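Look at the two complexes coming up: chain A is in both, with chain B in one and chain C in the other.
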Partner chain A sequence: MGREVSESCIDSLLTEMVSTYCNRFYANKPELAARRIEAIGYQVGHQLSERYTMERPRFSDHLEAIKFICKDFWFELFKKQIDNLKTNHRGTFVLQDNRFRWLTTMSIEQPPENGTSEELSIAADNKALQSMHLYFPCGIIRGALSNLGIPCAVSADISNLPACSFVVRIKA
Partner chain B sequence: MQFFGGSEISPSPPVPTATGNNAHMMYIFNRNGVCLLYREWNRPLHTLNPQQDHKLMFGLLFSLKSLTAKMDPTNAEKGNLGIPQLPGQGCSFHSFRTNTYKLSFMETPSGIKFILITNPRTGDLRETLKYIYNLYVEYVAKNALYTPGTLIKCELFNTALDQYVRSIA
Partner chain C sequence: MIVCVAVVGHQNNPLYIQSFTDADDALKLHHIVHCSLDVVDERVNNPKKSGPTLNDTFLGLLYPTENYKVYGYLTNTKVKFILVTTDLDVRDADVRNEVPCCIC
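Let's look at the complex of A and B:
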């Protein structure tokens, strides 16, 4: 539905957004930058969930809503579904995407084991920047779920790239 | 025009990969002459130190491009040298061959130069270089962690490049 836009444009826009917030607006204040990026994601998720649930009936419970996020919502956004969903049946869900689209082109050279301190700090910086890029999708998930009436907190985990896990904790 | 701007540090010494590779080595330069990538798969003879090697290569290609454009007998109207041109447009030099190796070259409109050195029996590598340019766009230009104009240190690009080069005839 609607008009289309090139994927490269979206990728470049997101990269530039994270870079601007981290290096220009809130340089040296990564927590504030992260909060702003997540807030932008929240707005986007809010509006997208409105659009993609237009013809559907209300969700019967939390699990149905999470399944909607994993299947239809993720498919609309990234042309694939979430690969793995785990839950502890007490309000925590782990959504795992084995090849998260926005992380596929990001890579850095691993520093050698006995690298200089400068190399190691550059590697740490790169890792931090990589995790900054995940605040936006976390915000999208949080915005989508809260529009469906489910307040929650979302965090991301990239311990094994290119797979990426989003941990959703529903507020009681 | 600034030729050798940017850092004077050459790319880190190349790691020789497994045998069975068809290519000897590869260079990527940007518009200012900075060597963004130098990868070596099979190079028994090193004549110069890396610094001089890169400078020589860049200078050679610049002169060759200029010479071939000036000696073109067919084109009546001559464009300015140095304007962005698609690969294949205008008069563009693309390879030379000696009895021991073949050097293939491609320059993109943004000034990124790809040089691939292979054995002399290799055919036309223009499509190959175009594919490598696509890999560059995907894994380097679109990489949020890469700063343009610096050495390419992207694991995904290196892996994809090694894999692809291993498969060219």
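Let's look at the complex of A and C:
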């Protein structure tokens, strides 16, 4: 439906957004940069969920809404569905994507086992930078769920790239 | 003939109201739309009475008044579309088809 944009444009835009917020706008305040990026994602998710739920029947419960995020919503955004969904049936859901599209262009550097402290700190920095890129999709998920009436908190976990998990905690 | 269309947000805040008749009728139509919001909430919160149409977005005829019929449509994001018509012999199915066109 409507107009389309090339994927490389989106990739460039997202990379540039993270880099600008981290290095120019909030240079020494990664917390604030993260929060701003997440807020942008929240807006986007809010509006996208409105558009993608247009034709479908309403959801009967939280699980239905999460399944919609895993299947239709994720498919619209990334042309694939979430690979694995886990829940503890008490308001926490883990959505695992084995090959997250926006991280495919990121290098995977294994930190050296017995590296010097300098190498380890560089590895830690890289990890922090990679996790910055995940605030936007976390915001998208949070925005989409909030618009469906489910307030929640979303965090991401990239312990093994290129797979990445999003942990959704529904606020009671 | 449709005399009034209203779009109401998820906190029952009016987003758009447009009436298609003479000006002095407009307030009455606004009242009708306001009352129909209660009916929508009732339908959504009473799963036993709704029966098989629980998860349908189109809520059907909400209630008839003396001259008008009021139809409702509820999206997943709790945005309500209210349609007030004067056609006394309009069928549910016709209105059901018209609403998705309005959204797009």
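Note that in this section the second predicted complex is superposed on the first by the 159 of 172 C-alpha atoms of A that agree within 3 Å, B and C clash if a C-alpha of one lies under 4 Å from a C-alpha of the other, contacts with A are read in each partner's own complex, and residues count from 1 in each chain.
In this section, contacts are C-beta pairs under 8 Å (C-beta built on N, C-alpha and C of every residue); 3 or more make two chains touch, one makes a residue touch a chain.
What you see is a predicted model, and the numbers here were worked out from it, not measured in a lab.
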Aligned on chain A, chain B and chain C: do they clash or fit?
fit
For A:His133, decide between first (touching chain B), second (touching chain C), both and neither.
first
Touching A:Glu55 in the superposition: chain B (first), chain C (second), both, neither?
second
Once the structures are superposed on A, label A:Leu77 by its partner contacts, choosing first (chain B), second (chain C), both or neither.
neither
Can A:Ser19 be said to touch chain B (first), chain C (second), both, or neither?
first
Thinking of the overlay built on chain A, is A:Leu148 touched by chain B (first), by chain C (second), by both, or by neither?
second
Closest Cα approach between chain B and chain C after superposing, in Å?
35
Chain C contacts chain A in the complex at 10, 54-57, 74-79, 100, 103-104
Residues of chain B defined as touching chain A within the complex:
138-139, 142-145, 153-158
Could you please specify the touching residues of chain A with respect to chain C in the complex?
49-50, 53-60, 147-149
List of chain A residues in touch with chain B within their complex:
8, 11-12, 15, 18-19, 105-110, 126, 129-130, 133
